[in-house]
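Alright, structures below, take your time with them.
Paired with chain B in one complex and with chain C in the other, chain A is shared by the two complexes that follow.
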Partner chain A sequence: MTTRSISSSGLYRAIQSRRNRGLGGLYIVVVAFLLLYVWLFPGIVSIGGFSKFTQNWFPLALVTMAQALLMLNGGITLSVGPLVSLGAVIAATSMGGFAGTWGGIAAVAAIGLGIGAITGIIVAHLRLPAIIVTLAGSFIITGIALLILPRPGGFIPGWFSDLLAGNTPVAFCLLLVAIAGWKLFMATPAGLGMYAAGENPVGAFRSGVSVERVKVAAFAISGLLAALAGLFVAAQTGSGDPLIGNPFTLNSIAAAVLGGVGFLGGKGTMRGAICGSLLLSVMINVMFFLGFPPVAQYVAQGLIIVGAVAIPELTAQRRKK
Partner chain B sequence: MNPVSTAVRGLFRSPPLLTFLLVALVWLVASLTLRGFGAYGHLRYLLELSAVIGIVAAGQTLVIIMGGIDLSVGAIITVTAILLPLISPAADPSGIVGIALALAIATGIGLLNGAGAAYLRVPPIIMTLAMATFLQGLLVMVAGGSAVSVTNASVIWLGQARPLGIPAGVILWIVVAISVLLILHRTPMGSRFLALGANPVAARLSGISITRNTLVLYALSGFFSGVAGILILGMNRQGYVGIGDPYLLTSIAAVVLGGTSILGGRGTYAGTIPGAILLVTTTALITIVNASPGWRSIMFGSLILALLLISGREARR
Partner chain C sequence: MKTAFLKTMPRLGSLLAGVSAAAFLMVGGTGTALAAANCVKGDRKAPFTIGWANIYSVPTWMKQTEGTITAEVEELKKTGQVKDLMITDAQGNAQTQIQHIQSMIDANVDAIVVIAGSSNALDRVIADACDKGIAIVNFDSLVNTDKVTAKINTDSSQWGATAAKWMVDQLGGKGKIIIMNGPAGISVSDDRRKGAQPVLDANPGLQVITETNTDYNVAPAQEAMTSLLFANPEIDGVLSLGGALSAGSVMAFDRQGREQVPTTGENARQFLELWKEKGLKGWATMQPNWLGAFSVYTAVQALEGKDVKPKITVPLPVIDDSNVDSYLARADKFPADGYIYSDYDKALFDKLLAQ
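And now, the complex of A and B:
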C-alpha cells in the first residue's frame, strides 16, 4: 500500500487546501464587508456589540448548516422556515407550562429530529423528490405551528433569554460548538458516507454506505438544527410566532449557494456555507446602517447574490481557457 | 398476462392519464356528496382559477423539463399586473398596446433570467430567486405599495367576458395548452428541450446549443407568467404587490403532480393540465370543510403528499 505510506496527514492537507481554493474570493468579500461594517459601526468591537452581531447571525448560520447538510447529500429542503417557526412556537408554549425550560428544549429537539426523520423516510424509502416533499411538508408544519399558537404569544423565561440573547457572546460559542460537532461528525464513517452518497450514490452504495439510512440521518439532523434555530429565535424575541421563520427558507438556500454548495450533491464545503451565511448577515446589517430603505435592500440583495455566484464561475472559466 | 391487467398497468405508467382520472373521480365524488359542487357555475369557476395556474405552469413545465426551475414566476405576474395599468397609453382605447408592452417586459425579464443562467452560469434556482427578490424591491419603489386599478378594456374583457358561456380565460388556456403541446411534442425545438433535460452533455455533443435554448425557455416562461398576470389582473380588476406570490409554489406543484420529473428530461404539459385542476379542486374542497387556517394548511400539505404518492414517484435509478 504505497498510497498510505505517503503519509495520510500530507494527503489531508492537500485535500483541505484544494477545498479552500475556490473559496478565496468569498473570504476576501466577507472580510471586506466585515471591515466596512467595523468602519461604519465601531461598536461591534466591544463585547456587547460583538454579542448582538453574532446573535443576529446565529439563527441564519444554523439554518444554513441545516440546508447545506442536505444539499451536500444531494437533497434540498423547503421546510426550513416553517421548522424554525415550529421550534419557536413549541419553545414558547412548553417552557411556561408543565415542561419547564429544559423540558421545552428537549421537546423542541425531539420534534425537530422526529419531523426531519419522517421527511427523510418519505424521501428515501418512497423515492419522492425532496424538493416537492419538503414543499408539501412546509404546509403541514406551518399548519401544526398555527394550531399550537394561532397568533404570536407564549412565554420564554427571562433568564433564558438573557443567557442566549443578552450581552454575552453565548450564541457565538454555541456556533463554535455546532461547527466542532460537524467536524467530529465528518470524522465518522456516517459523516463521510453522507458526502459520498451525495457525490455518487451508486459508488457510495458499492463501498458499503447505506445510502437510504444516511439520507434519513441527514434529514433528521437538518430538522434538529432548524428547530434549534427556532428555539434561539424564540429566546431572542421573548415569544413564539407561527410565521416568524418564513424568510429563513430562501435565505438558507441563498447563503449555502453563496458559500459554493452545489445543488447536485457532494460539491461544496460546510465552511463555505457558514461564510456565505456570514456574508448575507453582514450585508443585511451594513445596508441597514447605511440607511437603505428596506426596498433598496431587496434590490441590492438580488444583485449581490447573482454577482457573488457569477464572478467565481466566470473567473474559473477564464482560467480554464 | 390478461389484457385487462396490461391495460391497468399501462395506465399506471402514464401519469397524465392517471391524474386526469383522479380529477374525474374527485369531481364525481364531490358532486354526489356536496351540495352545489357539481353546479355548472361552480365547476366553471374552478376551471377559471385553474386556467391561471395552468398558464403559469406552462412555462414552468418547459423549464423543468429542461432541468431548470423558475422561481420568479410569482414576481413576474406581480410586475405585469402592476405595470400594465401604469403603462397602458390613454390614446389607445382598445388597450392592446398596453398588453403588448406588458408582455414584452415580462418576456424581457425571462430573457434576463436565461442570460444569467446561460452566460453567467448562475444556477437557475438562484438566478430566478435573486430576480424575484430584485423585482420585489423594484416594484415597491415603482408602485409605492398601493393597489392600482385597471381601466384597460381588453384586460377587463379577458377577465370577465364569457363568449358562448365559456370564460375567456379558459379559452385562452386552451389556446396556450394546444400551442405548448405542439411545441413540445411536434417541433424540433421541443425535442431539443427534452434532450437537454435528459442529458445536457450528450445534447451538446449532438450540436444543440445550450445557450440559445436556455434563453428561449426562460423567455417563454416569462411570457407565460406575463399572460397569467394579465388574466389575474382582469379577474381581480386590481393589481397590488404580492398578487402573484401564491402562484409560484402552485405552478411547481401542478407540474410535479402531472408526472413531470423535477430532475428534467421526462414529462409533458398534458399532465400539468389535470395537475392544475386537481390543485384548485383540492383547495376548493378544503375551503368547503369549515376548518381553521392551521388545519386547512395541514390538509393541503397532506393531500399534495398523497397525490404525489400516486403520480409523482421518481423511477429507481
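And now, the complex of A and C:
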C-alpha cells in the first residue's frame, strides 16, 4: 500500500516535471518581469498594489483558461470576447432590476453555460469546425449584447464592485479557486477524457471516453468562465459595455499559445496558459514604468512574445542534437 | 498669496479632524467650497508630471491630437510648469486603459489627460485617481463619473442637429437621404445621431432611405456607399456624421459617375479638398484636435489653483462655402488624410476657461 503510493507520487512528479519542460523559458521570463516590476514599483508588494494589479490580470486569466481548455480538447473559440461583453451586459442590466445581485450572478452563469453548451452541441453533434461555429457565434452574441444594452450603461451595486475590485485581493483568491477547480476536474475521468479526446479522439473513444459529451462539457465550462470574466469586468468597471470584451478573443489565444498550448489539441498545460496571461498583463505595467513610448511598446511586446515561444523550442532542438 | 492660503486649507482641515468631528465637518465644508477645481487638493507643486492615457493612437485624428499635446507640453516645459509627459496607448482595449490609468496612479503623476475607450468602464479607476488628488481632464470621448477635474468637448448632439438642419434647408425639406454614422455602440456616434433625430422628426418630407455604421475611415465608408448607390437610383443628400465618412461617400459618388449631392461632414482635409474639386454643396464642422493641448493647459491651470469649471463646452465652428477656402489655404501644413484644425493659442484657451 505504502510503496504503491510512494511510487505513484514519484510517477506523478516525474510526469509533472516532464510537462513543465519547454515552459522553463516562459517561467524565467515571467519571474524576471515580476522582479523588474517590483523593482520599478515597490508599491506592488503592498496589499492595495497587489490587489489592483491582480484585478487587471484576473479577467484575462479567466478567459485564457476558457480558451486553453478548449484548445486542449482540440477546439478553439472566437466567441470568448463577445461572451465577456454579454456577461458584463447581463450583469449590469439585471442586478439593478428584479433579479438583484445574486439573481444577476445566476443569470450570467446560466447564460454562459447555456451558450457554451449550445455551441458545443453544434460543434460535437453536427461535426462542424469549432472555428466557424464560434466565429458565427461571436457575431450573434455581439448583436445580442448590443440589443440588450445599445451603449455603455447599466448598474452594478457599489458594494459588489468594492468586494471584487476594491483594495483586497479577492480577485486573486477567486483565481486560486478556479485553478483548484481545474486541478480537481483533472482528477476526474471527465477531465482526463477532455485531454485524451483532444490528443487522440479515436483512441479516447475506444478507451470508453464519450468524446461528444466531453466536447459539449468543455464548451459549456469555457462559456461559463468567459461569462464570469464578464461579470468581473462589470464589477470592476461598475457598469456594462457591449463592446468591452472584444480584445479578449485574440489576447486569450495569444496567452494560451504563449503558455505552450498547441492548436491541435492535447498539447500544453493550464499552468503554462495562466503564466502566459500573466506575462501579457505584467508586460503592460513594466513597459509603462520603463517609460517606453507606445510605438516602442508594440515592438517590445512582439519581441518578448516571440522570445518566450522561441527559447524553449531552440533549447529543445539543441538538446536533441 | 491667495493660492498659498488655499493650499494650506486642506492640511488645516486634517489637523483639526483629530480634535473634533464637528470642527472637521465645518472646516472640511469650507475647504471644499474654497478648493479651486475638482480632485485638486493643492498639495502638488510645479513642475508637474502629466499622463496622457490614449485609447488608440493609430488613427490620424489621434496622431494630430497627440501632436498638439506634446507641443503644449513643450511650451509648458519652457515656463517650468511641466516636467514630464507619460504616454500610453491602450490599442482600443478599454481594459488595458484601466490598467494604464492604474499604473499612472501608482507612478503618482500629477495630472491625467484621457480620451475614454468606454463611457463607463473607466469610472472607478478615474474616481480612484481623483481621490488621490490627481487632476483628471477628460476630452473627446467622455466618461460618466463626475469625479474629474474637467470634461472638455464639443456638443455632439448639436453637431447632429445643425448638420440635419442644413440638410433640410438644402433640400427644401423634401427628399431622400442616407445617414452615415460612426461605429455602433460608441457614444460620440450615438449622440450625433440622436441630435439629428428631432430635426428629422420635424421634417417628415425628408425620407431616410437607410443608414450605415462604419469606422471613421474613408475606405469602409466608400465601400458601404458604393453598394448603396447600386441599390438606390435616387439619393438627394448624404447626412454624414463624420469627416472621413463624407470623403468616402463623395468618392463613391464620383467613381460611379453619379452627380454629387449635398453632403455634410467634418474638417477632414480629404473632404474639404473634394468639396472644392467636385464643386459640391457642402457643410462641415470640426472636433478640434487642439482639445488635447487645451486639456493639458486646463490640467496645469487646475493644479496651480485656478478655478476650472467641471464641464467646458467648446463651440462648434461652421465651415461652409464662405470660409472653406481659408481652411484649404493651410491644407499643406496637415497630413493628407488628416484634419485641418483652426489655429489656437493661450488667449483662446483662457477665453474658453473663462466662459
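Side notes on the structure shown:
Here, the second predicted complex is superposed on the first by the 310 of 321 C-alpha atoms of A that agree within 3 Å, B and C clash if a C-alpha of one lies under 4 Å from a C-alpha of the other, contacts with A are read in each partner's own complex, and residues count from 1 in each chain.
To be clear about the criterion, a contact is a pair of C-beta atoms (placed from the backbone, for glycine too) under 8 Å apart; a residue touches a chain by one contact, two chains touch by 3 or more.
Keep in mind that what you see is a predicted model, and the values were worked out from it rather than measured.
Contacts of A:V309 after superposition on the shared chain: chain B is touched, whereas chain C is not. In the superposition on chain A, A:A254 makes contact with chain B only, not with chain C.
Once the two complexes are laid over each other on the shared chain, residue contacts for A:Q297 go to chain B and to chain C alike.
Legend: residue contacts after superposition of the two complexes on their common chain; A:P150 is shown touching both chain B and chain C.
When both complexes are overlaid on chain A, the residue A:G203 reaches neither chain B nor chain C. When the two structures are aligned on the shared chain, A:Q236 is found in touch with chain C, with no touch to chain B.
By the touch criterion stated above, A:G97 is placed in contact with neither chain B nor chain C. By the touch criterion defined above, A:A136 reaches chain B but does not reach chain C.
Residue contacts after overlaying the shared chain place A:I284 against chain C, while chain B stays out of touching range. Shared interface residues of chain A, touching chain B in one complex and chain C in the other, are 146, 150, 297.
Of all the residues in chain C, the ones that touch chain A in their complex are 54, 57, 86-89, 91-96, 98-100, 102-104, 106-107, 118-124, 144, 184-187, 190. Looking at the complex, you find that chain A touches chain C at residues 41, 43-44, 49, 52-53, 56, 59-60, 146, 150-154, 161, 165, 233, 236-244, 247-248, 251, 281, 284-285, 288-289, 291, 293-294, 297. Listed in rising order, the residues of chain A touching chain B in the complex are 122, 126-129, 131-133, 135-147, 150, 250, 253-254, 257, 262-263, 295-303, 305-306, 309-310, 313-314, 317.
Contact residues of chain B toward chain A in the complex are 116, 120-123, 125-127, 129-138, 140-141, 249, 252-253, 256, 261-263, 292-302, 304-305, 308-309, 312-316.
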